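The two complexes that follow have chain A in common; it is paired with chain B in the first and with chain C in the second.
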Partner chain A sequence: MSRRRRFEASTLFLLSPWIVSLLLFGLYPFGFSFALSFYDYSPLNPQSAKFLGLANYAEALRDPLFWTALKNTLIFVFGTIPFTTLLALGLALALQKRFRGRDFFRAGFFLPTVVSIVVISLVWKGLYAPEGFLSSLVRALGGTPPRWLLEPHTALASIMAMDVWAASGYYMVIFLAGLQAIPEELYESASLEGATPWQKFVHITLPMLRPTFLFVLVVNSVRSLQVFTEVFVMTGGGPLHSTLTSVFYLYEQAFYKFRLGYASSIAYLLFALTLGLAFLQVRWLKLESPRT
Partner chain B sequence: MSAVRRAGAPLFLVPVLLTMLVPFAWMLFLSVQPGAGGDLTLAALARARFTLEHYAALLQASGFPRYLVNSLVVAAVVVGGNVLTGAMVGYALARKSFFGRGALTWGVIATLMLPKQVLMIPLYLVLARLHLLDTYAALILPFFVDAFSIFLVRQYVTQLPAELEDAARVDGAGELRIFVTIVLPLLRPALAVVAINSFLLNWNSFLFPLIFTNSDRLRTLPVGLALFAQGEHAVDWGLLMAGSTISALPVLLAFLVFQRHIIEGITAGAEKG
Partner chain C sequence: MRIRALLTFALLLALAGCGKKAGGKELVVFWQFFPAEQIGPVLDEFRKQNPGVDVQMEQLTWQSGLEKITAATAAGNVPDLCELGSTWFPRFAAQGALVDWTDSTAAMAQQMVLADMARVNGRSYGLPWAVGTRALFWNKALFARAGLDTTRGPENWDELLAAARKVNKLGGGIAGYGANAGERYVLFKKFMPYAWGNGGQLLTDDGKASAFDSPENVQALEFYLALAKAGRVDRQDQLDEAFMQGKLGAQISGAWLFRKIPKQAPDLAYGVALVPHPVGDRGTHASFAGGEILCSFKASKNPSGALKLARFLASRDAALMLARANQSVQPAVRGVESDAYYQQRPMERVLLDQLALAVPTPNHPAWLDMEAAIEDEVEKALYGKESAAQAVKAASARIDALAKNTDLSAK
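After this line comes the complex of A and B, so read on.
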């Protein structure tokens, strides 16, 4: 293996796309926007950029809309993830057993996750319309339909329900893979000792799925903290800012108001929150995990 | 799962399946009902008719044909780029030892975990500085090399035996020749997973194409559809659902054909966790 010691020209060639891409579209923008978050900067007038120190961050912390957006985002994250996770786990457990038509069910549950979120949001906006499918369904069942996206106290919940519907199939697939990785012998020896199905679930399935739970929670939190497209298509942040989310607010500040420095500081606050949440989840689930 | 128990499906799965499928069925149904505003209530079912007028209107008198072509071109180039560069970089990271390998591999993982909103503004400014905003290059270049594709190939190569490559080396073959004639064919299964995942991701991509382009002629389907729905057509449900169907159809077809590859891609991503 003597040829592996030098940095060969061919290796450099193979790596070159990643080196260029990482520098130009990864590290440089990442560092640049961090610097930007300390400036007053508008692309309309780049010459007048002013160094502000921490003023952008201080402004964000004093900005009531920043807090509204953050509150809505956290409601979205903590309100959807338990439902998405439970539904995904329940579906995976049900699909683990063999039965006729299982592949068809699995494909059906997974289907929403391959379709563009723009299409899904538009279809659900139609379902939620005042004279739409869901309202007429509620009426047919004898109820009074809520005003879904048009009412400040139901709009966010309506988008959240759609998200649970749209995202569960993805995490179901991950849970299915996790379930398949559990050695069959564990269940067999538990059966020999007379364990009930519930005992097997609590003492074998759940502990063995811990890494899968960790992955599902971290990936879903990172994704949910960025909720944007649904809001853009369905409500534009309204009514009365009730569906304004952090990334939507950041988008408005950057591309309607052209306050790129301020928007960058919001991006970094959100980034810190994402890291913090992922860190807490890793600690919470790793510390108690059995040594496997 | 030794004993093959072929029972019926658990009953509670049926309503869940219906909930998953009904919105799509409703989209298809509304897209072929006549009239501009569209009747959105359940009662519309009783008056069901069939027309392709909304599809005809979209394809004749709107930007949709252009959006469709844009989406196809951008997706084809980006998928090609992801497959090629994923193979090159993933192979090198898995097989070669060189100064900085750890850092470059770490860069792949970090990029995977990085929330994209952090890069939204600076990428916009980088493209502005390169005078690439509102061009096809803005829709392609930042996504041409993809960390997830590299990661998938890297994981795959680490499980491949290196004997074939070593044998070719003993025979005096050059490194690039080994890569093209021996490694690339071996990577085919992994590259199929890369291709279908890149396609889905790129076809459905919304935020970046929205920010990086301004003119109507550069819009991809998701951006075109979302902006179409915000304009004067906000309540033309027949048109909107026809546009949604046009946008969803390619991924639904890809899903039916490549379901196994799509699911492999997801679970391969999960195994790093």
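After this line comes the complex of A and C, so read on.
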């Protein structure tokens, strides 16, 4: 018993850097911002913070820009995730088999993941410029290029297209790992039974990838609901608020308008939405406990 | 989430700030936005003149600087001296975060252009340091091809609109005028020069109500929409790019082009003129004025050192030294046009003339919201969602609500 206790003490000690940083930089700010969401709080003048109860939340629900931002965020989430997931799965299937140059392609598709999203956004801002590559391409093909980031009905879609491109590589790697975990015997016995490749895909690959799908969907939803940097760099929420997203809106409230309390309440509304969506995804994929 | 990361950052700053002391010397912590190679020599000069003082300079970026200052203020770990953009300044001043320098800088403030930029309710909370304005940049080669006068730039609205329309007809991807949209904090600076020049106003004199809904402002917006039709609507970096490629007849832009053009388009034949005024002898060549203000926080540890450094930086010689190195700001001190640097550069002198006619934004605590209201509505008009009259009326209603919701006496 004493051996066991000593083991626990040393475990705790070795884990302490992580535990301390979690408490200090994870849980404490998490709780602090939750408390802030009930206050009128300006970082410039913290002494005169006023307790407001639920007024910040009520204001958010009445704020038309909050809803615009939420609508754009949901469009972003539901408009990118299916494409990102399908593209990632397709790439994983294509790059699973051995062929010459496979590693080159794997590395190539994964590359955007290791590049800073700020850099990607700046590059794509250039690609979308009126004199940029994409416009020139459309012109060379004989068309009239859209105004990409400058038109309210194309700006958000342009950012979404970039996000699908930039994010797919990471989920491709997750799918590759999932594919490798499927036992080879399943395919062998299916072949003996005379199953077609399509049947094998539908009845073996897809069901076996279910935990991977869950992981990809939940992680991607959490990430996409917080879309910020692309908007910050490329459009600043415009034109006509067509790319205003929830996190960009709360950032503006917190750091340009100094309304940290109100911004925190928006953050917690978004948190509730994220939690709800993740819950639905777990339920929908009918898993008692996510394995991955 | 991002908020969490920033709160963490604030906490880190608070922890890191415990007990900073320079060895024997008086320490002044100074946060600013100029590149180290431009501000460094100026600070070296200060150190030479004040051997008992050491300056610890930190360079902030425009992307995250405001966040950092905000987080530091929240944590109570502020620098002694800090550079604040003129549009951020009123909020810090209104929250009572800044030191009142009215008495200690009165004599210097008299020598400043736009000294009002650092004043709220008649009190000074900083020293104007480097300032900037916008003027009309026009392409001489395109004006010549369109058969226009190339000896001087357009003087009034009619001349500018006629020139833009003629250049716009040249074809081949050439646009007559460049109007702004698709980003924040820019459109306002491009539209208001015409509104101010036409006698339009933002707020009533007491700052308690909107004065934006006026025939002058509607007229100015109609003019701006006509200009946009005779050209293209784009982000500033794209307009500058098009201008340097010789594909834009005229646009309102800033002194940063003096640094970019010699590098990227050394052969460009262009001119700089004051922002055109309305037709006849009516109105003025008004423009937008912004700038950098040096401030100290009430929570600063060394307020006297901060003031000493601020007085040095804002003085004629030091400000000129920085302006020469940076090439896109002007010193806030009056009378620099006699300096050899400006004597050799007539186009940059136009910007000094423009500065004398430029209007700073009101130091209202809700200013950034008001600016956003104007940009929202003017942008709607640019995209054809509203008429000029509707846009001006809608913006005015929003400004009015903001003005009435703000307690101006709050400290």
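Things to note:
Note that the second predicted complex is superposed on the first by the 276 of 292 C-alpha atoms of A that agree within 3 Å, B and C clash if a C-alpha of one lies under 4 Å from a C-alpha of the other, contacts with A are read in each partner's own complex, and residues count from 1 in each chain.
What we mean here is this: contacts are C-beta pairs under 8 Å (C-beta built on N, C-alpha and C of every residue); 3 or more make two chains touch, one makes a residue touch a chain.
These figures come from a predicted structure and were not determined experimentally.
Upon superposition of the two complexes on chain A, a steric clash is found between chain B and chain C.
By the document's definition of touching, of the two partners only chain C reaches A:Leu150; chain B does not.
Using the contact criterion defined above for the overlaid structures, shared-chain residue A:Thr235 touches chain C, although it does not reach chain B.
After overlaying the two complexes on the shared chain, residue contacts for A:Leu127 are found with chain B alone; chain C is out of touch. By the touch criterion stated above, A:Asn45 is placed in contact with chain C alone, chain B being left untouched. Touched residues of chain A, counted separately for chain B and chain C, are more numerous for B. By the touch criterion defined above, A:Ala263 lies against chain B and chain C together after alignment on the C-alpha atoms of chain A. When the two complexes are overlaid on their common chain A, residue A:Pro211 makes contact with chain B while staying clear of chain C. Of the two partner chains placed around the shared chain by superposition, chain B is the only one that A:Ser10 touches, whereas chain C remains out of contact. Once the two complexes are overlaid on the shared chain, A:Trp198 sits clear of chain B and of chain C alike. On chain A, the patch touched by chain B and the patch touched by chain C overlap at residues 24-26, 28-30, 32-33, 43, 129, 131, 226, 228, 236, 247, 250-251, 254-255, 260, 263-264, 267, 270-271. Interface residues of chain C, counted against chain A in their complex, comprise 1-4, 6-8, 10-11, 66-67, 70-71, 73-74, 91-92, 95-97, 181-185, 232-235, 238, 241-242, 245, 368-369, 376, 379-380, 383, 385. Touching chain A in their complex are the following residues of chain B: 1, 4-10, 12-13, 16-17, 19-21, 23-24, 26-27, 30, 40-43, 85, 88-89, 91-93, 96-99, 104, 107-108, 111, 113-126, 128, 141-142, 144-145, 150, 169, 174-176, 179, 200, 203-204, 206-207, 210-211, 221-223, 225-226, 229-230, 237, 240-241, 244, 247-248, 251-252, 254-256, 259, 262-263, 266-267, 270-271, 273. The residues of chain A lying in touch with chain B in their complex are 3-4, 7-8, 10-11, 13-15, 17-22, 24-30, 32-33, 36, 43, 87, 91, 94-95, 97-102, 105, 107-112, 114-120, 122-127, 129, 131-133, 135-137, 140, 165, 169-170, 173-174, 177-178, 184, 211-212, 214-215, 218-219, 222, 225-226, 228-229, 232-233, 236, 247, 250-251, 254-255, 260, 263-264, 267-268, 270-271, 274, 278. Considering their complex, residues 24-26, 28-30, 32-33, 42-46, 129-131, 149-150, 152, 155, 226, 228, 235-241, 247, 250-251, 254-258, 260, 263-264, 267, 270-271 of chain A touch chain C.
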